[in-house]
Structures are given as C-alpha cells and as structure tokens.
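Please see the structure below; I have some questions.
The letters A, B, C and D name the chains in turn, as written, and every chain counts its residues from 1.
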Amino acid sequence: MMRCGQALNAALHEIFERDERVYLLGEDLLDPYGGAFKISQGLSTKWPERVLPTPVSEASIFGITAGLALRGYRPILEIMFGDFVTLGLDQVVNGIAKFRAMFDDRVTVPLVVRTPMGARRGYGPTHSQSLEKLLIGVPGITVVTPSECHDLGAMLTEAVADDEPVFFVENKVMYGRPNRRPEGGRIGELACHEGEGRYPALTFSGNGFGPSDATIVTYGGMLPVALDAATELILEHEVFTEVVALGRILPLDLEPVLDSLGRTGSLVSLEEGTLTGGVGAELAARVQAEAWSALDGPVLRVATRDGIVPSARSLEDEALPGVEDVVAAVTAVGTRVGG
Amino acid sequence: MGRQEQAGTAPSRAGTDERALYERMALIRRFEETLLELFAAGELHGTTHTCIGQEADAVGVISCLEPERDVVVSNHRCHGHYLAFTDDVDGLLREVMGRVGGVCGGKGGSQHLFAGNFYSNGVLGSTVPVAAGMALAEREKGSGAVATVFVGDGTLGQGVVYESLNIASLWRLPLLVVVEHNGYAQSTPSTLQLAGDVESRARAFGVATSRHDTTDVLEVQAAAREAVEHVRSTGTPYFLVLDTYRFSPHSKGDDFRDPEEIAARRLRDPLTVAAGLLGDDERDEITEAVERRVADAVQEALGAPFAATEAAAR
Amino acid sequence: MMRCGQALNAALHEIFERDERVYLLGEDLLDPYGGAFKISQGLSTKWPERVLPTPVSEASIFGITAGLALRGYRPILEIMFGDFVTLGLDQVVNGIAKFRAMFDDRVTVPLVVRTPMGARRGYGPTHSQSLEKLLIGVPGITVVTPSECHDLGAMLTEAVADDEPVFFVENKVMYGRPNRRPEGGRIGELACHEGEGRYPALTFSGNGFGPSDATIVTYGGMLPVALDAATELILEHEVFTEVVALGRILPLDLEPVLDSLGRTGSLVSLEEGTLTGGVGAELAARVQAEAWSALDGPVLRVATRDGIVPSARSLEDEALPGVEDVVAAVTAVGTRVGG
Amino acid sequence: MGRQEQAGTAPSRAGTDERALYERMALIRRFEETLLELFAAGELHGTTHTCIGQEADAVGVISCLEPERDVVVSNHRCHGHYLAFTDDVDGLLREVMGRVGGVCGGKGGSQHLFAGNFYSNGVLGSTVPVAAGMALAEREKGSGAVATVFVGDGTLGQGVVYESLNIASLWRLPLLVVVEHNGYAQSTPSTLQLAGDVESRARAFGVATSRHDTTDVLEVQAAAREAVEHVRSTGTPYFLVLDTYRFSPHSKGDDFRDPEEIAARRLRDPLTVAAGLLGDDERDEITEAVERRVADAVQEALGAPFAATEAAAR
C-alpha cells in the first residue's frame, strides 16, 4: 500500500503530466531533495521549467502564486511548514481571498497552497502548529483536509482543478503512514462510507451504521486517533461511535455530520489545533443551531490545550489530544445505546 | 521657457502625441478635482486618494505601454493610472460614487479596481509580488508583455518589495516597478521613512534603475520608454524612480505640509509644463472638452441608482 | 460628554505621564496629524522621544515592539487599520504569543497593539474588516474589546499595565461617538451592570434584570446595534432582552453571559466580523457545552455575511449586521416572557 | 603553515585568548557531534541544526561581546552561539534531549532558547526586528549594550530583514547583524536565492558593512571587534557578513552537496586553523577535556527524567 506522502507525490506527477498550466513554487523543491518532506520529489527533474525553487520569502511567493493564478495558470505553492502561512496571511486575507469578490466576480484565483500542519515530530512551538483554524475565518478560500483514508490523489487533483483558492492541509505524521482506502465499504474492522462530490467526508461505523452512541467529527491527522478511540470504546466500554472525517473544513459541509448525528444524537469534535477559536467551535455552533432537536446533549470539543506545542515529547504528549481524551469526551456526552 | 516662446510664435507645434498626453493629464486632473468637489458636496461616501500634481507619471509611463497586452498593477492612488490605461471615466466615477455602472459593481471602490489588464489593491506593497507573478505568467506565455506596478516612496518600507525585487532579478521577470516619489507617505516625510538611497536598494538586488526629477510628461515618457524597452528586450526587471509631488491632500482630509512648499511645487505643475507644448486655443479647447466630459459623467452618475444589492438583483 | 476617540487620547496622555516605560510606535503619529484617526494627537509634542513614527513596515514594527517589551518597556503599537494586522501575524503567532510559554515562563511581553477594526466608512474590502476573529485563535495573547459604554481610559490603562500582550481592538465609527457611561446603574432607559475586575463586561436590561426573553452578547462597535435592537424589541414586539457587551473576547469570560442566560434562557451573538469561524462560534460552543440545560434553544449568531465588505454603502449595508437582523434572530430563538 | 612551524618550535605560543577561543570552538564542535551521535542512537527526538564548521563565527563574534550587558538573538542554528555566550552545556543538552534541567524546561527545544541576554527563535528573519527592538530598548536605557542578531544567507530572502535595516539605520539603533554566509539555505545554494550583492543590500539602507572570507577565529574576532566597536561608539547598526561553511548536514538528515566541495572546505576547518596557534599537547589536552565534559553531561542527562509534565508537577 502506498504511503500518504507517496500518494501525494504520485498525484503531483499525474497533475503535472496532464496540465501544462500547473506550476510548483516553494522552498528546497529541487531534486534530489524534492521538498523538506519529499512530496515534490521528481518533479523538478521531469519539468524543470515548471518547478520554481524560491528564496525564503513566504510573503512574496504567496503573491507571486496569486499573480500566476490571476493570469491563467494553476500554480501550486508548497509552504514548508504550515506555521509559516502566517507570513503570507496578508496576501491570503487581503488579496487571494478577496480578488474574485472585490473585482465583481470577473477574475478567479485558482491556486493551491499545500502545507503540512501538525506536531508529534518534536520540532517545537514554531514548527508544530495546526493553524488551519485561522484559515476557516477567511471567507473566499477553500480549506481541504485530507486524511490517511481519503483518496489523496483525487483530492489533490480536485484542488488543482478548483477555481477557488484552495489550502490543501497535509499532516507531517500522515506522510509516513499508509494511505488506507475503503474496500467493499470497509476499512479494517469498520464500515466506511464515502460521501459524494469533491472533498468528500468519510464516515466510519463499528456496527454497520446502526444506532450508535455518539459521532466523533474530525479531519486530517487526527483520524487515526479518532478510529483508535472508537475501537477502544467498543472493546472496553461497549460504546458504539461513528467517526466522520471531513474532507473540507471551509466551506463546512454539515450534511454528513447531521446524517451521522441522526443515528447517534451526540457529537464530539476532535482536532489537532488548539481549542479556542478552532474548527470544533464552528462545528458546534453550526450543529446546535441547525440540529438542536437532534442533539441529546451538548457538542463537546477535544483539541490541543490552548498554549504552545512544547518540544519535549513528554510535554508534547500532554498538550496534544489523545485517544483517552476522546474516550473521556464520548463517555461524557452520554450514551444512547451501549455503555 | 524656450517652449513657451516657441508656442507663442507658432499657434501649435504639438504633435498628436503631445496633444494626447496633455489631454489625458487634463482629464485626470479634472476627474480628481471633481471627486474632491463631490466629497465636499457630500455626494461621495468613503475615501479617495487623488493624484493631482502627479499626472505626468501616470500618463508618461502608461503612454509607453500597450493596454491590450501589458499589465498594470496599481495602488491606493490609482485613478490616474486607471484613466490613463483605460480612459474609462464612467466606470471609475460610478465605482467611487457607489452607483450602478461602477467598474467593479461598487464592490471595490476607489482603491480596488479591475478592468482588462489593470488591477489595483489598497494594501501597500502587497501588489509588487502579485505583479511579479503576473510578469512570470506573461513570460511563460511568451506574450512579450511587461507587468508594471506603481508604488509610492512610503511603500518602500514594505519588506515584500525587496523579497520581490530579489526574485524578479533571480528569475529574470519582465517587471517594471515605478516608484512615484512624492516625498511623503500620508503625513510623514520621506526623510523619516527612508534610510540610505532609493536607487541603491534596487541595484543591490541586481535590478536596473534610474531616477528622474521632472514634471515634464515628455521627459517622463522618455525615461519610461527606456525602462519599458529594457524590460521588453532583456526580459529583466527595472526600477524606475520618478520624483513627483501631490498638490492635493493625502486623501480628502487635512494636509499639514508647508503651503509655501506646495506653492513652489505648483510652479512646476505638469499641466502648465505640458501646456507649453500647445497653443493657447488648443489648450483651452482641451480644458473645456475634459470639463464637459467629466461634468456629463457626473450628471449621469448622479442620476443612476446606487449599486444594486443582491436583494435588488434578485 | 467626551467622544470615544477623545477618551482614548486623554487616557494615552495620562498613561504617558505616569509611566516612562511607555512608548508609542506606529505610522503617521507625529503632531499635528497625531495618527490617522487622531487618537495619538499631542503625544509626540509632549514626549517626542517616546513617540516613534515608523516607516510603513508593519511586520518589523510588531517585532520591534516585542523586542522593547522583552527588554523592560511597555510599548504601545498603533496599527493604522486592523486589516494590516495580517502583515504582522507571524510576529504575533510565532513570537509575541509564544515567548513567555516557550521560554519557560521566564519572560513577559507586556505590549499593547491598538488598532481600529470595522466598516461603515466606505473604505472598501481591505480597510473595513473586523479581524479580531483571527486573534481569538491565538493562545498567549489577550484581546480586549471596549465598547462606547465602557470606561475606555481605564481599560486602556489596564491593557498597558497587563503583563500579557494585549490587542486593544478599537472601532472606527466608535471614535466619533460619545463615550456614554452608566450613571446610577443606568444608561438612558436601560439598567446597566458593570462587572468586576479588568476588562469588565457590561450587561444591559430593559426591565431591571427581571426575567427576560433572550440575551444578546456582543462587543465593541456592535453595541449600539444591539441596544437599538433591544429597544425596538421592547417597543414593537414587547420582547425583553438583556445585552452583554464583552470587555474581552480572549480569554473569554463566560460568567456574565451565563449569569444573564439564567434570566433569559436564550442567546444571540452579534459581531461585526464575518460569520464563519468568528467570535460567536466560540461563544456558542462554550455556552452550549457549559450551560446546556440553561438553554431553551440553540444559540443563534448574527454577523457580517461571509465575504468581502463592499465599498458602496448600499452593498456595505446589506453585508453588515443591522438591527433588523438582531430582531429577527431574537424572535427566532423564541421568547419566554413577552412576545 | 607558518603558525604550525612556530608551534613546533615553541611548545606553546598561545596566549590565554587563543587557548580560550580554541577551547570554546572545540567544545561546540564536540557538543554538536554528540547531538548527531545521539540522534543516530535514537536518544534524541525532534530536530537539530548543528553548526559544525562554523564555530569560528560564534566564538569569534561573541568573544567581542559582554554577556552580562550585550544581547544576542539567534536562529535555528543557535547551539554554537548559545554555548559561546553562556557556556551552559547541561542546560542546552537537556533542552534538546527533553530532559529535566533543560534551559527552557523542554518547552523550546533546539531552536527556541532563552537564558540571560540570549534569545533564539526558529522562524527565519523574524528575529531581526525583535533584536532591533532590543537594541532600541538598550539605547533608551543608556546601557551601552549592543544587540547582535545572527542570521544565515538564506534568511536574506525575508523582507522583514530590510524593513528592520531601514529602521535601524533611520533610528540609529545599536544593532549588529551577523550574516553567517555558508552558501546554502537548507538544500538550496545561495546562487538560487540571492540576486545582486549582499553587502550592497545593507549599504543601500545606509548601514555600514564588511565581508570576511576566513575560518581563522582570530580574523573573525578582529572583524567582529571592529563591527562591535562601530556599533558601540557610533550607536548605529552594522552588517557583518562572514563567509563560512557547514560540514554537517542542514539538520540531521540527508545532505546532497558535492562531497568534494565539503572535503575542500574541511581543509580550512576552523579548528585545524586555530589548533595551529597551540602546541600539540595543549590541543590534545583541550580536546580530551571537552570530550570528557560533554560525555559527562550526556551521561548525567541520560540519567535524568524526561521534562516534567504539568501533571507530574502537580
């Protein structure tokens, strides 16, 4: 089975093969290095004119990528660490996200920003964040959040084909993990339903989508934690949960979430970003507003503790959300069926 | 002076070019004056940054560009650039007035314009990498286009300008950066904003540069022609510094500059200088024409409804 | 009565008088200009050495301000438009907000960033945003949101005395409005209760804090809209609401909100930022999680439509939340008492 | 060479200074080698950027500073700077190893250090304005301190560096920017990163500058002394470019540079050059001493518990 990093790399090769308008910009892209996380390996050898290794100038390369997109190209920008998106945020907020609307819908900005978020690599406070939480507050962009069970190649291809500016949020740990895909509607022990359309959500069930106790909504690198929690809940607590892995967090597509909620009545959100002002907040606000009567109790959020992600593994472990946190939250929202 | 005398002897020695340049400058001047009048009259909401006194930059530089091929990226002080590039008085006026028919449907307003190959944005400096990216796009297309970005001297405070000069130089991008050096950023004189030497800043990144202290549109045009020629022929960037001055306040509001300083600069008013190329009748004729054109546009705009809301659109 | 802008200016003069460690950095600060919105007028004349007019270099002046704070000063940074905070966000997210925690609590970064947010001035998409929504996702900073009924001078003084980095979010329209303060527990027709401690919340009631139908939680420049809505609801719908104006949105102090909720059972949030990923999302998520049983129904959010703030007043009006939107939301959450 | 011979004739002609400089460089070398060994052995989590080959920069420059007064701001490649400034082997080792006793309690790790007047951060360029602000603070205190910020050549891609040079020049800040120009940013050679000329970039902003291609710590020290002197006496910034080279990979990982290039540079190893100032016994003595010191620190660190969690702390 391909690792997630390999799947993304293979997709990039296909995308480059198919569409000459696709360019790649970023730091340290040239072979043999092929990008800090190797996702871009081989591209600069095959398409030297379309792979542009840049100086360490994040703000400028965001703007250059926007200029390319405004003039007919479909550039991909690799930002080495998601933490550095902050350096380009003016270009994102006051340019990329606004051009189409403020120019009266007469331009499009079809670019993709690929960047790895997440911790667990011991890189320390400035290299371990999950800052997609800041991006969902920016109208005019799309934020795609593949997990290791998504069709990574298809999603990246969709992102490049998208006329809206897309942030394609990858995860550092995910790169090295196998890109497990549903087969015959299952992934391992769990039934897995894949939604329709672009950037679909994946919904997992331990009991064939029968009535369950709670829905765990997550995305990206946190999916394995959610799935491990779901398994532990079944085995050790006889609590059945569904897990929804969102393929896109902006715009937020609630349909799969509400669909699962209809079978469970309880919701727990799980994200690797810090709690306050995170993705779970928007999710909880939307769900309680749109499906109040479907909720047996409040939506609970599990996330990284507000603060820094420390370097020392012992401290990092404590700050980040783990299986036990999810289990505790699910147990807390109460159970309908088992337990 | 020499010109004045000659102008006296011959009723008009102006080639169509001089006439066209003057006409364009006069139009911009009248347009900007009109905006300030409309503000005073309470007919305008929001803000505007007029380029009164700087018309020779917009007109001189853009006279060297090809609107159907070349790209222009401008800033908050963009009306002159826009009119010189598009001649679209109605679209701009209505955009600023928030009336139906504005070039961006009233969404962008005074400093966020788009039409054809023209773009502007209001965050200083942010436009330079975008223009560099457009230059890259045109280079890759082989269109032979030049991407020109207008910035002010105060905008040289933004680091992204240097990031972009470095990349434009490394990547050989057909990018023309025009610095309209009017000596101020809003209320702050350049002496409190700029250390060292402006041209050297471009040279340090291997970017060709020149600086010109003139309000003569023909001299600006000559300098710009050379710069555009450089970019088009070598495919490498150029940093063109134009010393200029704005007679009008930064935006609508207060202006604390020394009135004598302004008066002294008015002696070098680019319109007066350019008028010297024309006969008096010719000049008056043009003045009347642009006044009529702008006045008519205002009349029609005032009669137009406010920009249609989505609700109304439904 | 002093206008809000004057009150802030007066407070700055007192703060400068009292504490030599206070410096002011920003663009166009020198007299007679005194800052684009005149809030800093007079300071450069009285304290020329402590008022530093900067080039247009937002990223750098954020960092310089941080350096001053790390070395014993209490700098104030004026960012001309809140929209430009995006240019300094790396300094904020990866420096200012992290230094204390990542340096093991052995440094403090006592700085204040003063900046005006908000629309209604026709400045267009890049000069009219309310981006405090992005700041609440950044652990390690404090975000203070004074309204025209707060003690602006006291709050700014508290911010400068605060050992944490503080964003002091002002509002462009507020500057020109009178700084109305409670007198004898009232502001005009309404009873007004001011909370304890720093950055207190203000709670308004039309019936002396008796049982009411709903609580409108807002902050900053939206307070007048909330109060107008409350009045209209009483007069035209016989619906009674309490209005809570938060003095601080990060960390979020729920106590005054839950206190009011106890008397109303329903909550509507009102903010000038765009809806998705906004302050109302965090508020709704917290309230439903912490006070589920106190809620008669879902928390509803009123905010600016996701998208740009257009320049034309006709379009701006449509995008921004108005009294009628608040009235509609309150009516929608249902009424307990009147109506 | 000449030095070698002399060293041969006299058992030791090294003044305490030469000896101290060599000792400090040897300590840093051994420390960094040890980190790479620990990584190989799986004893380290996370990442690290070693400065093997660049020791003369850290030691030469910092030997001109006063740790109790001057401020140093460093970057991702900060171990050499930290050790030269603080001599705190245990605190750094344990910080990188995530053990109790780390200088930042394990929160910061390899590239986020703080102790006394030393600070480092991992976002390239972001440190320069912070250092400028610290320089401003010290100027206002009248402490006479110099704020020194170390950056790499790749970091010259960051616009905030130029924003800050401009302001440091305008405001006359006692700021020393040291560029360790090792020819690469991660995997990318400077030729793909830097257009124009590095020194000119500082001069363009009116900042004094000099560039030195040497691995002789005494020459680095001399250059730094002049730079520090300039900053202290004039109170204005200085931009010191030091050509250098790292023998180790960018971080732990792969290194695709031409082995011959590395080998050629190793001939100019700053430790070899400085060893020429010492007698062989003296050198061996120092080598043993630092090896023992680092080895002991490692042993103790390996025995120490992992950084205490808040839970454990409760």
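Criterion: a residue touches a chain if its C-beta (ideal position, glycine included) is under 8 Å from a C-beta of that chain, and two chains touch if they have at least 3 such contacts.
Values in this document were obtained by computation on a predicted structure and should not be read as measured data.
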{"item": "Label of the chain whose CA centroid is most distant from the centroid of subunit B", "value": "D"}
{"item": "Whole-Å gap between the CA centroids of subunit C and subunit D", "value": "43"}
{"item": "Distance from subunit C to subunit B - Cα centre to Cα centre, in angstrom", "value": "37"}
{"item": "Inter-chain centre distance, subunit B versus subunit D - centres from mean C-alpha coordinates, in Å", "value": "48"}
{"item": "Touching two or more other chains - residues of subunit B", "value": "105, 107-108, 112, 121-123, 157-160, 163, 166-167, 170, 192-194"}
{"item": "Multi-partner residues of subunit A (each touching 2 or more other chains)", "value": "54-55, 57, 59-60, 83-84, 87, 90, 94, 98, 101-102, 124-126, 308, 310"}
{"item": "Pairwise touch network: line, ring, star, complete, or other", "value": "complete"}
{"item": "Partner subunit B, residues of subunit A touching it in the complex", "value": "23, 49, 52, 54-55, 57, 59-73, 75, 90-91, 94-95, 98-99, 101-104, 106-107"}
{"item": "Contacting residues of subunit B [partner subunit D, same complex]", "value": "157-163, 165-167, 169-170, 192-197, 200-201, 203-207"}
{"item": "Complex contacts: residues of subunit B adjacent to subunit C", "value": "45-47, 95, 98-99, 102, 105-112, 121-125, 154-159, 185-188, 192-194, 254, 256, 306-311"}
{"item": "In the complex with subunit A, residue positions of subunit C that touch it", "value": "83-84, 86-87, 89-90, 92-94, 98, 101-102, 124-126, 129, 131, 133-134, 136-140, 250-252, 273-274, 276-278, 280-285, 288-290, 292, 297-301, 306-308, 310"}
{"item": "Interface residues, subunit D side, partner subunit C - complex", "value": "71, 103-105, 107-108, 112, 114, 119, 121-123, 126-138, 140-141, 147, 159-160, 163-164, 166-167, 170-171"}
